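Each structure below is given as structure tokens.
In the two complexes below, chain A is the common chain; its partner is chain B in one and chain C in the other.
What follows is the complex of A and B.
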């Protein structure tokens, strides 16, 4: 069973997910960033489902294990789709919506094929292979998400996108993806460290915290000069 | 491979974190400080990085607003990162000295704006209690 600190972090993350949706609804941003809010809602439902599975079957049960990794892959795909909608916001004046969607589907399919290729040769049993595929896909999508967020940040600077709320949503997603990708890499380098048991769930609180702030504190029409935010002055 | 991914991710994390902190600061930099906070903090028109610790100590004296907690921590971490850059990299690249000093000053200004909001918040709470 998770320790009491683990439960506190879990509860905090769930409350922050609720806070994002409540802030978005109260500031009339729910529809504007629909996919981001749907991701938060699905994350909330997954948290509840995981808690129920944990309390009924226990942390070492197959049911909990499968629910955890399958729901993680689904959530990662939802987050990927939420990122694509941020692309649509940034490129909305260029009328390239169709191409962005097509590229997003092709990239997702490519990542799935690559993940399948990685796990295909290692496993004979289809059940185990599916579980490994789901885990591999989830990890690879985090890295793809990081690269896509980096490209999106470059596009924001290049196109001089000035909507403060959109900029903060993208930057917080960048912090989240890069922190996760760095943690996954560290976990592969040092698999015996216990510290990751807390750091991964704690990182999960960062994104809803930053999004709740962006929805609550920033006016949808607030503007800023994005070039001021770049590390290298432009 | 894991090492390469770690280095790339850590570099991206650093860049996103700095840009995120600067976006937090930028959204408060346009807000003018009240005369009261100018008096208390001793900040005239431009804030200096040297005042940051003092302003944070003043902030700790005021009742905390829950929605500000994460932002203050982020800016605190950013300020420490700037101090680290100032005492290491800036000694090799002198151009960084002016940049870190400007950024540290903006961190102080952000903290002063937050202090202003906290004072107003405490005053509102007190007024509400007196009404009751």
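What follows is the complex of A and C.
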């Protein structure tokens, strides 16, 4: 069972997820970033379901185990769709939505096929193979999301994107993925430190915090002033 | 190249890059958990020891 601090961090992350949806609705951004908000809503419901499973069956139960990994895979797919939505926003003036959607579907199908190929060799039982496939797909989609976020960063720089809210949403996603990768690397370097048990859940607070800030403080149509335009001589 | 093949090429490039990155990161790791959505406590992963068969969950034993 998690400690009191673990419960506090978990509760904080859940409240921040609520804050994202509330801020998006109050600033009329819910529909504009529908997949982001659906991800936050589904994460909120999953948190409640996990708490109920944890309190009823315990952390070592099969029920909690299945609920945790299956819901994690669903949430990772939602996060992937949210990232693709950000791609559509960045490339909306280039009229390439059809190709972005096609590439997203192909990439998701390719990741699922690759994940199936990885677990297919190791498992004979279909029940165990399905659970491992779900876990493998979730992990692989995380790395795909990591690469896609950095590619999107590059596209934003190249296209000189100036929409402040969109940039904040993408940058916070990049920081979120990068922080997980850095924590994972440090955890492997210092495996005996118990400190990391709280870092991963605490990182889960970063993304909803940054997105809530983006929806609450930044106007949907606000734009950054590029420095080179501000320096144009008269 | 056909414009319809470009998404396929890009998807394969991203997938290859992501799986290459995963292989590089996971090669020297003892644990298999890389990411978890939300703040809930993480149960034992199904493939914590390479590709060995997964033991029965406690409720099924």
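The working rule: the second predicted complex is superposed on the first by the 208 of 234 C-alpha atoms of A that agree within 3 Å, B and C clash if a C-alpha of one lies under 4 Å from a C-alpha of the other, contacts with A are read in each partner's own complex, and residues count from 1 in each chain.
The definition used in the following text is that a residue touches a chain if its C-beta (ideal position, glycine included) is under 8 Å from a C-beta of that chain, and two chains touch if they have at least 3 such contacts.
Computed from a predicted model, the values in this text were never measured in an experiment.
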| item | value |
| --- | --- |
| First, second, both or neither for A:172, with chain B first and chain C second | first |
| Chain B versus chain C as contact partner of A:72, first or second or both or neither | second |
| First, second, both or neither for A:143, with chain B first and chain C second | both |
| Chain A: partner with more touched residues, chain B or chain C | C |
| Which superposed partner A:12 touches (first chain B, second chain C, both, neither) | second |
| Which of chain B and chain C A:40 touches, first, second, both or neither | neither |
| Touching partner for A:164 - first (chain B), second (chain C), both, neither | first |
| Touching partner for A:121 - first (chain B), second (chain C), both, neither | second |
| First, second, both or neither for A:63, with chain B first and chain C second | second |
| Contacts of A:181 with chain B and chain C, given as first, second, both or neither | both |
| Doubly contacted chain A residues - partners chain C and chain B | 143, 146, 181, 184-185, 188 |
| Interfacial residue positions of chain A with respect to chain C in the complex | 1-2, 6, 9-14, 43, 46-47, 50-51, 54, 57, 59-66, 68-69, 71-72, 75-76, 79, 99-100, 102-104, 106-107, 110-111, 114, 119, 121-123, 125, 128, 131-132, 135-136, 138-140, 142-144, 146-148, 151, 180-181, 184-185, 187-188, 191, 200-202, 204-205 |
| Residues of chain B touching chain A in the complex | 2-3, 5-6, 8-10, 12-13, 15-20, 22-24, 26-27, 67, 70-71 |
| Parts of chain C lying in touch with chain A, wherever the complex brings them together | 3-4, 6-8, 10-12, 14-15, 17-19, 21-22, 25, 28-47, 51-54, 57-60 |
| Touching residues (chain side chain A, partner chain B) in the complex | 143, 146, 149-150, 153, 164, 167-168, 171-172, 174-175, 177-179, 181-182, 184-186, 188-189, 209-210, 212-213, 216-218, 222, 224-225, 228-231 |
